[in-house]
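This is the structure, below, for whatever I ask next.
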Amino acid sequence: MNDLLHIGGVSLHNRLFTGTGKFADHKEMKKAIESSQSQVVTVALRRVDINGRDEHILNDIPEHVTLMPNTSGARTAEEAIRIARLAKASGMGNWIKIEVISDHKYLLPDNEETIKATKTLADEGFVVLPYMSPDLMAAKRMEEAGAAAIMPLGSPIGSNRGIKMKEMIRIMIDEINLPIIVDAGIGKPSEAAEAMEMGADAVLVNTAIATAENPAQMAQAFDMAVKAGRMAYLSGLGPTTEKANASSPLTGFLTT
Amino acid sequence: MNDLLHIGGVSLHNRLFTGTGKFADHKEMKKAIESSQSQVVTVALRRVDINGRDEHILNDIPEHVTLMPNTSGARTAEEAIRIARLAKASGMGNWIKIEVISDHKYLLPDNEETIKATKTLADEGFVVLPYMSPDLMAAKRMEEAGAAAIMPLGSPIGSNRGIKMKEMIRIMIDEINLPIIVDAGIGKPSEAAEAMEMGADAVLVNTAIATAENPAQMAQAFDMAVKAGRMAYLSGLGPTTEKANASSPLTGFLTT
Amino acid sequence: MNDLLHIGGVSLHNRLFTGTGKFADHKEMKKAIESSQSQVVTVALRRVDINGRDEHILNDIPEHVTLMPNTSGARTAEEAIRIARLAKASGMGNWIKIEVISDHKYLLPDNEETIKATKTLADEGFVVLPYMSPDLMAAKRMEEAGAAAIMPLGSPIGSNRGIKMKEMIRIMIDEINLPIIVDAGIGKPSEAAEAMEMGADAVLVNTAIATAENPAQMAQAFDMAVKAGRMAYLSGLGPTTEKANASSPLTGFLTT
Amino acid sequence: MNDLLHIGGVSLHNRLFTGTGKFADHKEMKKAIESSQSQVVTVALRRVDINGRDEHILNDIPEHVTLMPNTSGARTAEEAIRIARLAKASGMGNWIKIEVISDHKYLLPDNEETIKATKTLADEGFVVLPYMSPDLMAAKRMEEAGAAAIMPLGSPIGSNRGIKMKEMIRIMIDEINLPIIVDAGIGKPSEAAEAMEMGADAVLVNTAIATAENPAQMAQAFDMAVKAGRMAYLSGLGPTTEKANASSPLTGFLTT
């Protein structure tokens, strides 16, 4: 199946994006990323020692992976823009996942500031992937601002609560012309598969992998689930009915 | 991962059981079963030309597969028992999935008659897998009657409605000592994955594969989803929280 | 609205049945039952001091109420039958809610034993209301055995988890000719309203009232919710659509 | 119970707001509004013949009701502001529900434009109630802009799909200091009750009433459901448990 996802000039055959947070150590993180088969990994610039001292998280991310630095810690567009430029200047490439968060309890992104940062950074040539609170009109503005893909949250980050915002994500998939990558809240492989069956283009999973008892194995489970969900989407799901519908012939008992 | 499911003296590494109904033709069915990687396939005795004339459905089921004839068409224990014996006599082995159905609209199984047929056939040496309406006490009686596994329905057969009876299946998984195989109603790979994450031992999928636009590819999607769900179950799912929980460090903006 | 529910020769205008368990004391129970407007109240024979010593729970149940003694504590049909006869002999009337439970963890009823007790007691002239694990064929047998109404559980008793068994209850409402009274698991007035909107004939609520901070006020809330749900059912719910459907005119902006 | 909702200097004891769209005729509308007991009714300025010719919709809205004209038809903040001023100038009072919608398929509101209109109109002394796509940060901005209450949608307007955006509404109830009024999508009284149990301050229902077979009776059902949900919220809902929890004593069978 030659089913590729094109973002920012890169062609991806794997639709599971992963993150680098919450792992016990770099070794566990590395193992999980490898077994996830991810081709895109997000990393907070704060985690990167850009002066090159000490242990460097980037050393533990497989070489073939596209790095997607994120602006975690930014509370405004301005701060996000500054982090993005620093990331690029330090050689982390031109992809940037914009996270602008000033809400401390539910860590929900600020769509308005995110749109501003998207505009500025897209104009500067970044491949911009805004993380957002699912909302059709905000997503349309991000599209107009030059985003390369849209990353709506399924539920609050790190909550493992699943795709609670399904209704709006369903609508965004229907109405937005960019790739939709469900990010945050996915807690189980079945939920990742469901996102893909709905027509999402990819998912980003971090907490559910990092907080599993066996992160590397859970990463592999997510990889398979994302592939299964994508394949189901492409295979054309059968219709749902209210009543039963016999699989086996029921027309009377055998009379032999 | 050496994770085997033992039923009736057979050790299975694949936990997706499939069926033979509703396919456009035998060729499509054969292709779907092959790509599902199933090791157990159910077939209605009615579908089998036991006199050997004409095209024989059994010729199109891969050889390595354990055949699980079912008693589809039976309305009473007595009829189910008669079908089971015919199946064995015609060389289809000693596995039998008991289906006793007299409700014509929702095709819901009759637990009481099913328990009776289970007792008789288990005593005769069959490997009995009763298909049932999820109910803890009925499942306990099937266990006592000698069932080899219990097959509760997720929702009405052929409806593709998903695992609507989750609450009772969750309890049965917790309380019954036999393998639990979720059968009927599973419409999407994500639902199969979810059944496995809940701790089900296997799932049986027929309609969702046969009614897909591309049945063989959908069968492959289900195979992967079942493996993903099982692997997630074994990997220890992380906890769910009400609030957010940062994946990335948020302790203030970088000050460099 | 002259909308009456007829059971066992009694015509009820109130469709909220209540229970007597878990209240802090008899006074609180009495107040809650009164504000619930219930016309049917269930009481465990064990709670009744049939020798008339001490404080008597029956003294605190309003006089106009139809008493529905239950067989709580029974593990078999035989025990349930014995309790039922004792209840009648002690002057508690001829209604009986059959509860046969031998599962200690989830307290799920035993449908097979319940059917037996229903048959015997209905033949003896009792108005029999069997509490059951939702299952169409078992409900049909209870109907044949002479039950006056069927009481499927929404979720495990006392769990406040809501109507988790909706799929099977929906089917039972469609297929069974007796009143369906959703019993056990209803934790919120909205869930009671939903049961009524689905077409249930009544609900029984105990734990959700007794464990509220203000039981009497919660009882009133349930009364109103049940009436609201029933009235909605009778008013013909409008259709659900996938897309939006303007309530207000949207045909262009005003041009004055 | 002296439980009042204060908005814009008005104290409301009824928490069901209604609308005027989709009714067969004015007579049916009038009857439904009356039986809803609503104290706040929204009306699209487009529906009002501000030149006073012909039949006037306002004549059929009960006198004691607070009129909440809405800006339906506006695609931008500027258009909404213009409609609001026209409404006030034509004597419809100083309440205004802001609706800014440029999406034609799902009719989802534009939060950014809505925030702008809220700011301008609140500064001009309007009591501003913005209709919005549920999003915590946008709601915070509306609060800062001077909104009197926030009106998040439950699901696309007129869809009767229920409160699909529960997750975000739950968070907004927790985090926003203004009254939260769930608007759009509520299709059944049970869903209105659920919104109130979650802690919403009011709900607005139009389509579900207007498209019922008996709109006036359905309006009454919603009134009761909203009261039931509010009362349940104030009565302190009991805890939910995973296992069962006996209502009746189960400690062994009676030994008399």
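Letters A, B, C and D mark the chains as written, and numbering starts fresh at 1 in each.
We adopt the following convention: a contact is a pair of C-beta atoms (placed from the backbone, for glycine too) under 8 Å apart; a residue touches a chain by one contact, two chains touch by 3 or more.
Here's who's who by UniProt: A, B, C, D = Thiazole synthase.
Values in this document were obtained by computation on a predicted structure and should not be read as measured data.
A.B. asks: Measuring between Cα centroids, what's the chain most distant from subunit B (Thiazole synthase)?
C.D. replies: The most distant chain relative to subunit B (Thiazole synthase) turns out to be D.
A.B. asks: Decide which interface, B-C or A-B, involves more C-beta pairs in contact, and give its chain pair.
C.D. replies: Taking the two pairs in turn, the one with more contacts turns out to be A-B.
A.B. asks: Averaging over Cα atoms per chain, report the distance between subunit B (Thiazole synthase) and subunit C (Thiazole synthase) in Å.
C.D. replies: Each chain's C-alpha centroid was found; their separation is 34 Å.
A.B. asks: List, in ascending order, every residue of subunit C (Thiazole synthase) touching at least 2 other chains.
C.D. replies: Residues 105-106, 108, 156, 161.
A.B. asks: Once you draw an edge for every pair of touching chains, what topology comes out, line, ring, star, complete or other?
C.D. replies: ring
A.B. asks: Per the contact definition, I'd like the list of subunit D (Thiazole synthase) residues that touch subunit C (Thiazole synthase) in the complex.
C.D. replies: 1, 19, 21-22, 44-47, 50, 70, 72-75, 79, 83, 86, 99, 101, 105-108, 156-161, 187-191, 193-194, 197, 206-208, 210-215, 217-218, 220-225, 227-229, 231-232, 234-254, 256
A.B. asks: Which residues of subunit B (Thiazole synthase) touch subunit C (Thiazole synthase) in their complex?
C.D. replies: Residue list for subunit B (Thiazole synthase) touching subunit C (Thiazole synthase): 102-103, 105-106, 108-112, 115, 133, 135-138, 140-141, 155-156, 161, 164-168, 171, 174-175.
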